[in-house]
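Below you'll find the structures, each written out as structure tokens.
Two complexes follow with chain A in common, the first pairing it with chain B and the second with chain C.
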Partner chain A sequence: MLALLPHIVNGLTLGLLFALIALGFMLIVGVMEVINLAHGSLFTLGAYLALSTIGADWFAGTGFGSWWLGLPVAARYVVALALGPLLAGAAGLLLELCLRPTYGKAPLYGLLLTFGAALVIEEVIRLVWGTGEQHLPIPAGIDGAFLLGGLIFSTYKFFAAGFSIVAILGVWLFLERTPYGAIIKAGAHDSEMVRALGYDLSKLRLLVFGFGAALAGLAGVIMAPIWGLRPHLGIDVVIPAFLIIVIGGVGSFWGAVIAAILVGLAVGVTGAYAPAWSLLSMYVLLVLVLGFRSRGLLGRKSALEN
Partner chain B sequence: MITLSDIPRRGGSPFTWPMGLFLAGLATAPLWLAPIGLYQYLGVEIAIWILFALGFNLLFGYIGLHSFGHGAYLGIGAYAFGLFQKNVDVSLWGGLGAAVLAATLAGALVGACLSHRRGIYFALMSIGFGQLFWFSAIKLRHITGGEDGLLGIPRPDLVIGGWRFDLNDNAAFYWFVAAITGLVTLVLWRLANAPFGRVLQAIRQNETRASFVGYDVWRYKWATFTLSAAVAGLAGGLFAMAQQSAYPDVMSLHQSGLIVMMVLVGGGLVSFWGPVLGVLLYFIARDVLGGLTETWLLWYGLMFVVMVMVRPEGVAGLLQGLRRRPDGRPAPLGKA
Partner chain C sequence: MFKSKISRRRLLGSAVAAGGATAFFGPWKHNRVYAASTDKPIRIGLTADASGQYANSGASDRRGMIMAIDEANAKGGVLGRKVEYFHIDTETTPATGSRVAERMITREDCGFLVGALSSGVANAIGQVAQKYGVLYMNSNSSSPTESGENCHRVKFVWDGNGANFAKAAIKNAIDSFGSKFMLLTNDYVWGHDTAAATRKLLTEYGGTVVDEILVPQGTRDFSAALLTIQQANPDVVAAAVGGDDQKAMRQQVAQLGMGSKPAWINNQQDWPDVYGLPVDNLFGVFGTTWYYRLDLPGVAEFVQRYQAAFPETAMRVPGNVFYNGYMCTRELLAAVERAGTTNNIAVIKALEGHVMPAKDRMQHFDAMIDPVTHQVQQTIYLATANTAPAEKDDLFSILTQSTPEAVKDTAAPGACKLESYEATPTFDA
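Then we have the complex of A and B:
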């Protein structure tokens, strides 16, 4: 059991990171009932935008650029951590405008449109940043590793896991404790009534999608130092995200968080015994959970079933 | 949309003008491919993908089950063909039989797990299973050759009676693929325009109502899934011959998504012939746009996004729009 402990710790941190990845996906699926297959691409876009912010790709030649590059990495990293997600969120706003003709039709069309959008975003990334693998620099304070009970743990992974907890709680507080969250949840529950009460539903959807895309970008910036940056990263991201939502149950916040931690633990513990197969464990988990509970762990009935 | 009243109860003769045009195009392709600046191998590729797409559309367009993991069955067919050649016997029909059998079995198994689902949940589960196969193909290195796949798969000779044809010649191979594609197309057309096809569309329009009328919806869904997996397996076997290799890439979500895009862009939701148009458009885009710009996939993706936004009925829907009757109603689509 003690030998398994580091793998459990690893699995837990991985689970928290998965929860962060799934957060934006869950918000969009829960509120708008759109399966956003472009989630992974927005994630990658956010990370690349952060990379360019830190490296001053587009303004290095200017006076501002040289001043900017003179700043310590930590300061640039904090700005990139804000700017990357914001710009990814802006891309999300644009995507939501494209999605509008598909509302009221079968959910398939939303799925197809975001699939096409994922392809487009990926190609744009290839065009702008090239196809090679890149590395996102991180401040020295959260870099490196530390020893704990005779085992080496990566500091950054713990920073990222802690960051995920903050982000998860932040989103939860926003949804549960603010009037905006109440309107968003009401919109998911009964959009007609929300409209009748005088709220602008199309603006609401626009903001939710932008917020979800920004969360995707945020997850991208946080995950990039761990997973590396390549244009086709998106597909490696959107699959776990959607698996987690399906396992947790569409529309359930804590269901998704629990599912993410379960998936993380499954991957972490399988990694101890059969590293080559560790990623497969999430599909096995999916088939097992859905075999017994067809709507996932805490899922409710949703319009997506029709 | 295809509506029930548009479809004759019995399909009648499959030899309608689109079928004639299709078969004529298939039969004469080697004569005009080179003169218009294309190459022989492209014909092989297009014919194989048309086969795959038509089988897929029975599932996607007719019964309305949106599978995003169908590349898996193409891949399984390709691997089965290659493994049969390597481990059992160098035989054309044996290999293709193994390809169809393996894909049918996999399809029957997965279909049994998926057939009580509908809508997005079906799509999500199909992605899950597709990834499962893809991942296994990469990881079972001693069987499948890992990321590189199976290389050097032979193209066995075709023997009919006393004649022996060497399929290593791309022209001979094209005729072989075209003959199979033509035959399967006839069978699929007949199925789609038979009472079976009518039931599939009834299920797509309203599953609950179809089951109240007395159809065993689960069995229809399962049978359609298995059948389309079988056709995908056949296409996969031919694909392994064409590429002389089988690799996990064809099973990826990317490829499975591409076939969905092709079928939708062509208009598989409204016409039997939609997938054919979609495959043609894709390969024309790849070869013509790809010749002009490195980023052709970007433009193809943008075209797809715009299409989903403004005209999800695809090219076939556009053509039907042009054929509207004077009173504004769409022309009957039964045989189109």
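Then we have the complex of A and C:
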């Protein structure tokens, strides 16, 4: 049991990171019923934008650039943590505008468009930042490792897990405790009624998509120091995010969070005792959950079922 | 009496037309002979990954091939014929590799194929190439099976393999760090083959394997594996983890500060995988076939040629993947010149047993193409992170260089059964 404990802790932290990755994807699927295959590319874009913000590679030669690079990494990191997701969110807004002609049509149209967008974003990243591996610097305070029970754990990974908890609670509070959140939830439940009450559904969708894209970007900035940074990083993101929302139940916030933690635990514990099965374990979990409850853990009927 | 309605003139005309059509469109071999009798360009298919796990290395591989082809053309071509190349992305996927090879040979008229990073892809391409008798240069995949059980008469393997690198590293690691080894293995053909070679050598040199962790391809989180390693407390971790998996692993090991204890040996460290990473990510000892700061004649000039040919490339100096891509293409074209023909069997014979002087290959020892396994027997270097770099790109510190004989994969000749010349389709490219 003592040998298992560190793997459970590791699985929990991994699960929280998976939850952060799935958050934006869940929001867009839940509210707009669009499976955003560009989620992974927006994730990567956020991380690259943060890299350029910290490294200042495009304005290093200017006076402002010299001043900026003179600031400690921690200060630049905090700005990057805000700017990367904001710009990824802006890219999300553009993508939503492109998506509009597909509304009211078969889900396949949205799926294909976001798939195309994923390819475009990935190629843009390749052109702007190159194909090679990049390294996103992090402040010294959250870098390195610490000892717990005689084992070494990564400080940054625990920071990232803690940050995920804050992000999850922040999004939940936004959805549950603000009028905007109430409108978003109502829009997911009955969009025609929301329109009839005088709310602009187009703006609502724009806001949700931008917010979901910004969350993808935020996850990218947080995950890049763990997974590394390369143009095709997004591929590693979409599949777990999709699995998590299906296991949790499409449109269910806490369903997705619980599913992410279960996936993290499954991957973490399998990684210790049957590592060759670690990636497969999330699919086994999917089969088990859907075998007992076809709408996922906390899922309700979705328009995607029509 | 039966009276034919076909006149003799019409019958003769039809026969001539049918004969002409058969000569032109007929059996594939005839077509190839027709093609070769003209002065049309020699076409080389570049089977390099542009997406998937080895996308970045694939780009480097391709640049090496292109520079060799451009240099050959600048000298007037090969046998007086211009050399053309044609690239399709093999997507780091064996099924795509097969499809690409098939298309390059049957529809794009490629007489030679060059390129590979993934051993799975190389094996798939090799099978198609053998079916048509098309020479295939496996530039950069390093599974021992490529020159062992998956060898082919048409395939030549240019990279050092897992057995070569393990041989160079393991005895040294046992002497320096201890005999208790843990294997961290990518769960696919290259990882398994390399781990098998490591196990064999450990048995030979008196080491033990306390555990083996199989890491699925596509793993991004190594924390469970790293916790297991800490719990097992080995002296040495022998990692056979490649591509993007390795990049993620390196980053996470460096974050935990586990790069120096336990000791790490990585069979091979491809230059595109580490270029641009912080030096603490380059922990442990690893193998390579070439480094851009080797103190040997021709190296500096080769680097200059690379920089002149690819001024826009973010990777400012060539690495081992580029080097292998370049060398195998250059040697293929040189073999065509030596053979004096593009006939595939003649070119194969010109390559088999060919000795390449150390100065031509910018390595420490002469290299030779093994006629039994078709693998290039070459110098293997052991390197580690350079903590006192002379310039920004000076990432490696070369520790040792082993002769081809010292690191020879002795299991390969027994496992490799090359097809006979007679069983290999022949044609002129």
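Convention: the second predicted complex is superposed on the first by the 306 of 306 C-alpha atoms of A that agree within 3 Å, B and C clash if a C-alpha of one lies under 4 Å from a C-alpha of the other, contacts with A are read in each partner's own complex, and residues count from 1 in each chain.
Basically, a residue touches a chain if its C-beta (ideal position, glycine included) is under 8 Å from a C-beta of that chain, and two chains touch if they have at least 3 such contacts.
These numbers come from a predicted model, not from an experiment.
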When chain B and chain C are modelled together on chain A, clash or fit: clash
Touching partner for A:P107 - first (chain B), second (chain C), both, neither: first
Partner chain(s) touched by A:D200 [first = chain B, second = chain C, both, neither]: neither
Contacts of A:E176 with chain B and chain C, given as first, second, both or neither: neither
Touching partner for A:R230 - first (chain B), second (chain C), both, neither: second
Partner chain in contact with A:L280 - chain B first, chain C second, else both or neither: both
Partner chain in contact with A:D190 - chain B first, chain C second, else both or neither: neither
Partner chain in contact with A:L14 - chain B first, chain C second, else both or neither: second
Clash with chain B (superposed arrangement) - responsible stretch of chain C out of 1-9, 73-81 or 127-135: 127-135
Chain B/chain C common contact set on chain A: 276-277, 279-280
Chain A-touching residues of chain B, taken from the complex the two chains share: 66, 68, 113, 117-121, 123-125, 127-128, 131-132, 135-136, 139, 252-254, 257, 260-261, 264, 295, 297-298, 300-302, 304-305, 308-310, 312
Touching residues (chain side chain A, partner chain B) in the complex: 35, 98, 101-102, 105-109, 111-113, 115-117, 119-120, 123-124, 126-127, 235, 239, 242-243, 246, 276-277, 279-280, 283, 286-287, 290, 294, 304-306
Chain A-touching residues of chain C, taken from the complex the two chains share: 51-52, 55-56, 59, 187, 213-216, 218-221, 223-228, 230-231, 244, 247-248, 251-252, 255-258, 272-278, 281, 314-315
Complex contacts: residues of chain A adjacent to chain C: 3, 6-7, 10-11, 13-14, 130-135, 143-145, 151-157, 225-228, 230-232, 236, 267-272, 275-280
